[in-house]
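In the two complexes that follow, chain A is the common piece, with chain B as its partner first and chain C second.
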Partner chain A sequence: MKHLKHPIAIFAFLAFTMPYVLLFVLSIANVWNFPQLLPSGYSTKRWSGLSENTGGLLQSLQLSCMIGLIVATFSTITGFAISRSISLHSKRKYLLFACYFPLALSPVIYSLLLNHFFILFNLSGTFIGIVIAQLIITIPFGILLLSSLWNENMRSLEQVSATLGSNLRQTFFRVLLPVALPQLLVCFFQIFLISWFEYGLTTIIGVGKVQTLTLKVYQYIGEANIFYAALSSCILIFPPAIFLWLNKRFVFSKFN
Partner chain B sequence: MLLNIQHISKTFSTELVLEDISLTLKEKHTLSILGKSGCGKSTLLKIIAGLVLQDNGHILLNGKNINILPANLRHIIYMSQEPLLFPHLNVFENIAFGLRIKKEKKPIIEEKVHQLLVSLGLQSHQKKMPHQLSGGQKQRVNFGRSLILNPPLLLLDEPFGNLDTQTRAEMQQLFKKVSGEFNIASIFVTHDIKEALLMGDVIGYMNAGQLIIYDNKKSFIADSITGAQQEITFWQNL
Partner chain C sequence: MTLENMLFNNKIVNRSGIICFMLLVVLPFAGSLIYAMLYAFGLTGILSIGFTTTHVSGMLQNPEMFFSLGYSFYIAFCSILLALILSLSGVLLFKTTISKSKWSFFPYLPLALPAIVTAFVSLQVFNKTGVLSRVLYQINIIKNLSQFPDIVNDKFGIGIILTHVLMATPFFLIFFSNIYEAENVKALSNVAKSLGALSTKIAKTIVIPILLKKGLNTILLYFIFVFGSYEIPLILGQQSPQMISVLIVRKMQRYNLMDIPQGYFLSIVYSLAVILLLAVFLKSKNQAIS
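Then we have the complex of A and B:
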């Protein structure tokens, strides 16, 4: 706070933080009618209702966490391995170009095009179907993000490691993985966010049966239930905020 | 004879990079190879190290054909112009890297690394990360990382090319000292005539993929293609 001396800095700080404050106030407000400046009363009943899984919010939180973690972990690992194979391929330019195709289309259009196959294989409306649908987008994203790892410097480090006596496994675990770790963590975090906030694809492939937290927020907004929409938004923000803090605390501070 | 290279050739696409290269190297000797950029010096070293595969020819180390031996089993260490320290390891761990790969015992690793840190004047820098070191210090660590394994052969690809004149001179002296201490044979590639003369017990000149090995320094200087005579004349006429 001591750095906030400039009016623009104060404005920027308020612009970033006030929406969060508003969301929290809405989530604990009893009634807030226009033109009242503040809510007429406050209560923690919605928050305490979370433990009883009111409205299925807790279940949606668990579901979103599971989908996000599975998609981010799998995409980061496969992105790392495939981007390395592509970097050694003679047609790497074309293969990397092909990775842009799933990302170039809007997820809604993309899922509409793929929906037929998901119905055909009984994956529509299932947890595994959502995971596969998201992976189709996030794996190419991971490959593109991690392809910059495999530059001349990395190749030379591999060679140095080999001449110092390391076999492929030792080079992988003692050199490649630790050197790539900051980028892998960034990739994991980015993909988790993509999965976490994914709406269009989850709606179409999930056909309303897989209720992630993002879908819940839209559902409450659709019902004009601003108080529960605010509560679910607060929960929606929580895991990415933890990830951001972990990234700042352990990743960037360590590697910069 | 420690190293015996017989009729090595290498082509990249349609470009002939090495043409029928043959050379021998005795134990504890340094062969310095002078040559311009792109003449095939680095490719030759990488072939010897097992990092690039030759099209033809044989490499014999202590009489044993190592053509198909992978780089990690050759015990030949290649050092490039860039020190290329492992960025996630500190000075101590960079030097200890090869011993940890060999699964040496902890007390042995600590003893050997400390001994080398003293030899290289790096005791006070052992906890530093590579980005906290100067160019000369990085190259010292690079030396340490190679010397600790006591390899039969060290391949140095213009190792001092990026250093300033004073540091370069210091590193040349240091290399002479430690390679003598550790009884290591080496091939030292450079494009600097003075460095080639200073570092090598035997001197070669490489041009367009062909290598000439001279019997002694006099014949190297006498050959006009090496440019040594012009260099001497330049300094005399100043």
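Then we have the complex of A and C:
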């Protein structure tokens, strides 16, 4: 079997890195006619045009960043607080199970079902509407992810802290928060990614008015503008990939 | 009562936590389903005429709904099956090197790709003028474009399945590799080996059953995710049959107002299917815990 391992590993390596290479090459390509294997010319004009907000890509990047940061911050804090309340509730098993429903439903269908209420409250097609719609999905995710924090160990720590005379504020800031920090960071990062990659919900609630990066990618695919679709895809995927690498290299290894 | 006491008083905090949970998680979900039900039965909406089963019976008599549900099930089943075969084979071949070697970052790379970008990549690789057909043309396997098969926008959903496999395989590879390590499968395999078991027997009776049993919940959740996927079939699918998410969006976003109640009814059917699958998930999770 050993001789097989090497070619399979090479094939897997190519398959995992191929999307990044292909998208980058297309983002700098000029002409790519059939049957040429590689584009016939390259230029960095699309990348340099980013600073001039060509096609509104820079604006979309800022918008996606802002929505992601707000949603991730709010969901992590809310998830942390609510997961604690749930962990102390007698029906916690059922409450946690209820968190799976908004997550398991396809976001595009859930947003279609919610759309009427967003129109009713004049939130459809607005920035705040998109943030609220994403929160409806990400808060249950945060609760599920952080619910494992509130175990017997955590309760014992709270009790020890109280026995040693600290008040609730000190227990929270000096004991619970430092212990929970790694999981809070993971939660923040994952929710940021959910928001960053969100398409279905944003397109329905945003009715095309809130142009995030994912909407830009789809717009360019629809226009058959593969070079700009590749450029917007690159902007969408390179930051999370670098962030993932940094996380794996430094954050997770440190916590492990 | 001081602000500090109010903020950190356990009873108040716990009660307000549960109220927030009800407002942010339960109310939107329940409210949207109730509204969908009222709309589907003609009790609300622009064309509301009072209680009627016309829309529901119209949808039930239309084979489109059943085709769409069946097609979504077929896509999800094939995608998960292929991804499981590939990822389990990968774990059997490489074992813990997936998570421990210096190359272990690479399986994580596809996880940073959103569905819409993966679909775009598949389109550029598998369409008639894509990378694959260019490679086959250059090495003289095909002579012209018509000889290249329809992989995207085809009736069997091959493009959709391949794209889901591309997304799911690295995920399951990392997932199973972690289980392999956590469950100490290597030690169990070594014991079996020292007792004379062959590698194929060890894989069949020890490694694969442990990995599948421990990963059952995640496999089920991933199945639900693929079943309701939207962006990939939107870009790589055909007009007919359509996956359930695409069909619902088409029904509810079209200019024909008569289609909207049917779209709501379809949403309820889809939601019930998801709830049913989640119930199975909960049951298997409870069994795993007990």
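The rule we apply is simple: the second predicted complex is superposed on the first by the 247 of 256 C-alpha atoms of A that agree within 3 Å, B and C clash if a C-alpha of one lies under 4 Å from a C-alpha of the other, contacts with A are read in each partner's own complex, and residues count from 1 in each chain.
In the analysis below, a contact is a pair of C-beta atoms (placed from the backbone, for glycine too) under 8 Å apart; a residue touches a chain by one contact, two chains touch by 3 or more.
Predicted model only: the values in this text are computed from it and were never measured.
Colleague: Based on the shared chain A superposition, would you classify chain B and chain C as clashing or fitting together?
Modeller: Fit: chain B and chain C sit side by side once superposed on chain A.
Colleague: Using the touch definition from the top, say if A:Leu157 reaches chain B (first), chain C (second), both or neither.
Modeller: first
Colleague: Just checking: does A:Gly165 make contact with chain B only, chain C only, both, or neither of them? Give me first, second, both or neither.
Modeller: Touch status of A:Gly165: first partner only.
Colleague: Count the residues of chain A touched by chain B and by chain C, then name the partner with the higher count.
Modeller: Ranking chain B and chain C by residues of chain A touched puts C first.
Colleague: Just chain B (first), just chain C (second), both, or neither: which does A:Leu105 touch?
Modeller: So A:Leu105 only meets chain C here.
Colleague: Is A:Val175 in contact with chain B, with chain C, with both, or with neither (first, second, both, neither)?
Modeller: The answer is first: A:Val175 touches chain B but not chain C.
Colleague: Output check: A:Leu236 vs chain B and chain C. Expected answer is one of first, second, both, neither. What do you get?
Modeller: A:Leu236 sits against chain C, while chain B stays out of touch.
Colleague: Consider the C-alpha centres of chain B and chain C from the C-alpha centre of chain A, and write down the angle between them to the nearest 10 degrees.
Modeller: Once the structures are overlaid on A, chain A sees chain B and chain C at 100 degrees.
Colleague: Rounded to a whole Å, what is the shortest Cα gap between chain B and chain C in the overlaid structures?
Modeller: Minimum over all C-alpha pairs of chain B and chain C: 13 Å.
Colleague: What residues on chain A does chain C touch that chain B touches too?
Modeller: Correct list for chain A: 167.
Colleague: Please output the residues of chain B touching chain A within their complex, sorted ascending.
Modeller: Touching chain A from chain B are residues 46, 49-51, 70-78, 80, 82, 84, 86-88, 97-98, 100-102, 145-146, 149.
Colleague: Using the touch definition up top, name the residues of chain A that touch chain B in the complex.
Modeller: Chain A reaches chain B through residues 153, 156-157, 159-167, 170, 174-175, 178-179, 181.
Colleague: What residues of chain A sit close enough to touch chain C in their complex?
Modeller: Against chain C, chain A makes touches at 1, 4-5, 8-9, 12-13, 15-20, 22-23, 26, 34-37, 78, 81-82, 84-86, 88-89, 95, 97-102, 104-110, 112-114, 116-117, 135-136, 139-140, 143, 167-169, 172, 193, 196-197, 199-200, 204, 214, 217-218, 221, 226, 229-230, 233, 236-237, 240-241, 244-245, 248-249.
Colleague: How about chain C: which of its residues touch chain A in the complex?
Modeller: So the residues of chain C in touch with chain A come to 4, 7-10, 13-18, 20-21, 24-26, 28-29, 31-33, 35-36, 90, 93-94, 103, 105-118, 120-121, 123-125, 129, 131, 133-135, 137-138, 145, 166, 170, 199, 221, 224-225, 228-231, 235, 244-245, 248-249, 252-253, 263-264, 267, 270-271, 274-275, 277-278, 281-282.
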